[in-house]
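Questions regarding the structure given below will be posed in turn.
Each chain gets a letter, A, B, C and D, in the order it is written, and its residues are counted from 1.
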Amino acid sequence: MIAGHPFGACLPTFGSCADRYCLSGYGGASTMDAMLDLAATVEGLDGLELVGNWHVNDENIRQVGGMLSDRGLKICMLVPDLWTQAKWGRGSLAAPDAPTRQAGIDEVRKVMDWAAELGCPFVDVWPGQDGFDYCFQADYIEAWKWMREGLAACIDHNKQVRVLVEYKLREPRTHCFVNSAAKVLLLLDGLGDAGVLLDVGHSLAAGENVAEAVALLADHGKLDYLHLNDNYRSWDDDMMVGAVHLVEYLELVYWLRRVGYGGWLTLDVFPYREDGVRASTQCREWMEAFFRAVERVGMDEFAAAIERADATEATALVRRALNM
Amino acid sequence: MIAGHPFGACLPTFGSCADRYCLSGYGGASTMDAMLDLAATVEGLDGLELVGNWHVNDENIRQVGGMLSDRGLKICMLVPDLWTQAKWGRGSLAAPDAPTRQAGIDEVRKVMDWAAELGCPFVDVWPGQDGFDYCFQADYIEAWKWMREGLAACIDHNKQVRVLVEYKLREPRTHCFVNSAAKVLLLLDGLGDAGVLLDVGHSLAAGENVAEAVALLADHGKLDYLHLNDNYRSWDDDMMVGAVHLVEYLELVYWLRRVGYGGWLTLDVFPYREDGVRASTQCREWMEAFFRAVERVGMDEFAAAIERADATEATALVRRALNM
Amino acid sequence: MIAGHPFGACLPTFGSCADRYCLSGYGGASTMDAMLDLAATVEGLDGLELVGNWHVNDENIRQVGGMLSDRGLKICMLVPDLWTQAKWGRGSLAAPDAPTRQAGIDEVRKVMDWAAELGCPFVDVWPGQDGFDYCFQADYIEAWKWMREGLAACIDHNKQVRVLVEYKLREPRTHCFVNSAAKVLLLLDGLGDAGVLLDVGHSLAAGENVAEAVALLADHGKLDYLHLNDNYRSWDDDMMVGAVHLVEYLELVYWLRRVGYGGWLTLDVFPYREDGVRASTQCREWMEAFFRAVERVGMDEFAAAIERADATEATALVRRALNM
Amino acid sequence: MIAGHPFGACLPTFGSCADRYCLSGYGGASTMDAMLDLAATVEGLDGLELVGNWHVNDENIRQVGGMLSDRGLKICMLVPDLWTQAKWGRGSLAAPDAPTRQAGIDEVRKVMDWAAELGCPFVDVWPGQDGFDYCFQADYIEAWKWMREGLAACIDHNKQVRVLVEYKLREPRTHCFVNSAAKVLLLLDGLGDAGVLLDVGHSLAAGENVAEAVALLADHGKLDYLHLNDNYRSWDDDMMVGAVHLVEYLELVYWLRRVGYGGWLTLDVFPYREDGVRASTQCREWMEAFFRAVERVGMDEFAAAIERADATEATALVRRALNM
């Protein structure tokens, strides 16, 4: 737990993180059991996020629940794999060809059923391959329509599982269609009972102030789940919490409390050259420090400063919150 | 005219453009008459965009229409001044204090009435001061509510004039609330008969692909007016069309034709160190070249390439379109 | 003083900061005496940075020293004005025309003599107008030669005063020639006894890690003076210290101690919507907090962590340093 | 050939390009023979760039020359592999530990000898893993010293082969030490007979104007080799030439002619979702179009416009050059 919130991590945190140069990865566990064993050593960890086909599939669906529960871990999220295979390279739910779009829908529905079977309340639809790289490569109006139709076809498929959509500005495409908090709200408008997964690093890299994104999503009843990580804004570096954006994280925690967010705080970090267990531990300690920091000043005092819109007072409060 | 579209410019194009260092500006006309005289020499120019209080006010409201029509120019847009005076420094329609918010509404309404009197169909509400500079300086939920309430209070004020909202990522605040095409659509959702002014440079600097923004806005029936300029993406440099983003402009023109945009093409450039007349002329020639370029390949052939989502084919078409 | 360093500020901090929209500024003192009176109220302030022609000129050169010393303030820097008048719009030391280049040299030399007369050891040559906005607008090889020749013509002019060059990526030009720590070192290579003014915000906006810039400059014996401020990396926002880059500032302070920097810590902030005295005070308190934070962990322990190049250990130290 | 320049490509262009999500790649040839067969079909291609250990190794060193010459292709560059294996994850020539630094030197020297044996005049030292991800993770002064010592230990190793250093702002580290044209010149200062490989995309992503980088490097006698590709400036997207920066490429070609560059024009593109042969062909056609475009206006006329530093004239010339 982190300040009363369930604390999760993506399973590959404990595997070997690769980039496009070092395709075999920089080191880490290589089997699912070994990754789970490492995850189980992270103090306070409550659950893991698993990816369809990688970690859950037709062969292991009966075992995977036990593999986690034996280690005292929940499955906090299942992610349909719409992005690790060449077949999704030109898109999934909004691919230019109808068969791929249908395959995307089928994939999401299948993973929804797995989630229901495993008692996991969410699937994370991240349409990372749905976008374009070059000008004159996408029909923006058609693609948007396809994306909405595809989501609509998934949302009601299994009432036990809520579809969450995760937005990102770019990567693996140079431009992704679903690229901001505002755009995901437009996307979901009128589509039914679905929500949003806010990845803090995606928000930062999209040029958003993440606290503002939290407020906007919560104000629309769509803030369901958080991915935590950090970056330098120009790319989704998936660094440890506490690496760069301390003030933004402090404000984020203030707003999470303000809007009454009670959901998961799940790490989505790529500790390429770091030990996954130690990296996860540092992230948890940073998050606890941010919650303590907000507590140190108090919600009311922050609210009063915000109401006065006074930057000098705000920065003094930040310094006090950090105990500097 | 530019390829059948009315061609406009912001009047200050012909004045002395200043930045925060050289506050007296780098040179250009200093009186309104002199600026109008210069504007009148720009071949093909059909209209001018005027700013409330700067160019139109209670004293000259009876004269200003004649000042333009005498030179064969229309007033294509009136812009309420919500950003050039210290009183708006902390916001206008979404300012933290109620009297400023009301003053913002009053200002927009006043300029709407002037617009109606002058036969100008639009006002451009650019809430550039509505935002924040520092973390813990804004109540995002309240501010959003205020912005919507303020716009609602303006939109129905004068049925002869349509309120257009112009979005921008940053400047003069480090963060503006209304900062993307998707967010302005969220903002206007349910507010009634209002539209969007798309500033191409704002779109580029917000990390958007501008053709996609055009498609999104038009798909929602909200693409009413365009500001043309260019920049290097990290700032609103207000450079001449043709400076940087040739491929993006070509795709923009394709999509303007595709969605049937028939409105104004108005320059919003700051020719700091250039002659305003020559700069405007270059912009017009670039725009005509882009329309010719789309014509050279043809709408159908572009559409077919887009349908195939083939980047190598797309780039070959771009080269052919440019006649290289 | 800040942790043993003399503490300075740019005089316009206490005036009315303007941007290109609100040219009359957002409020603040308007006379030099009023600005000095405000500056004198900033606790711990040791000196002020003045701009040639704005604050020091042939008329007041006899008085200006007394105006400061009466208030217990030193002149820590004189800045030749090479950027506030239209005549410098196309460049100063590297302008495309020879007379402007000579005028630039003359201006720097004049201000060097004023500095000597006032007992100020430095002038800050910031060639902000020397650059280009558009492609095909500059002869990069000639301009570089002119810049070096111009500096050479200044450096030896008055041995009592050291010429410092300040680099910046962009603004007021979209591209400035002298735009990084490495490039200013190349520029000064072989030119004689000159140094570098490192503006933290310029370094951040140039994509540098500022601690690395400090190390590089100090390693070349060229780290003479610091400007402190903060921004969001995409623009020179001139915000208060502590606004954004806490980790980077902490590392900066570590490296300042590591390389034995003993010079001025001078604010170059634009408190557009804030009170200059309160803003300066917050900056000083943040700086003192950063020095305390480095002390809390200790130089040796930081050095040991750096030697191990271990990011998880580094981030734990940062959190401990901040006392979170 | 491209306008009289030898035309090269990196061999992996014809393989299966992977990213960190789709590790098995999006499709393409998988054996070296198959990649070479594809390369041989690219009209006008003169040579290929090979990576040590991947494409050249102790087993195939006797065969590889013939594999290329049989297909009429030269080896234009050999690249020591300092970045595809976990052992380089924390650096190569500037790694924090001495054994890895020595291994880096040994690797470069070995590949230099291979290059000499194969008649390839260059090796490309790209120290992409030499940098840092987090603050407090690098000793900038030591690392710089190590990098210089390592290069010095390589440069004189084999006089038949010239060491070229390739700079890049970020990736695979969030910060690379050798990150700009100016910094690589500082790095090489005094180190002897070595040069620079300018990757156009790296230059763009580092915030440089690439034509200015060309001028700076050539002015120092260090412009030896070019990598061609394009991107959106925030990341090294390795897109096809002609994708984004048409004006910058035109100016680049002008400056290549101006400084008398006669070396290789080698593609370094990652056609993730495109066919490598078609993508390479498009790049060559774009480059030929840029050379034709410069010719259309003529070197003298461009030079005259540059001398006048007149942006409106410059943009008119660009439009004329493009034949629009």
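Keep in mind that, in the parts below, a residue touches a chain if its C-beta (ideal position, glycine included) is under 8 Å from a C-beta of that chain, and two chains touch if they have at least 3 such contacts.
All figures in this text were calculated on a predicted structure; none of them were measured in a lab.
Asks: Return the chains common to the contact lists of chain A and chain B.
Replies: C, D
Asks: Between A-D and B-D, name the chain pair that shares the greater number of C-beta pairs in contact.
Replies: A-D
Asks: At what distance in angstrom does the C-alpha mean of chain D lie from that of chain A?
Replies: 35
Asks: Return the distance between the CA-based centres of chain B and chain D, expressed in whole Å.
Replies: 40
Asks: Would you please write down the residue numbers of chain D that are in contact with two or more other chains?
Replies: Only 90, 133-135, 240, 243, 247, 273, 310-311, 315, 318 qualify.
Asks: Help me check something: in the complex, which residues belonging to chain C touch chain D?
Replies: So the residues of chain C touching chain D come out as 90, 96, 132-141, 144, 169, 175, 177, 180, 182-183, 185-186, 189, 206-207, 209, 211-212, 215-216, 218-219, 247-248, 250-251, 254-255, 302-303, 305-311, 314-315, 317-318.
Asks: With touch defined as at the start, can you tell me which chain C residues reach chain A in the complex?
Replies: 233, 240, 242-244, 246-247, 273-275, 278-279, 281-282, 285-286, 289, 292-293, 310-312, 315-316, 318-319, 322-324
Asks: So in the complex, which bits of chain B are touching chain C?
Replies: Interface residues on the chain B side: 17-27, 83-86, 88-90, 128, 133-135, 170-172, 174, 231-232, 234-235, 237, 239-240, 243, 270, 272-273.
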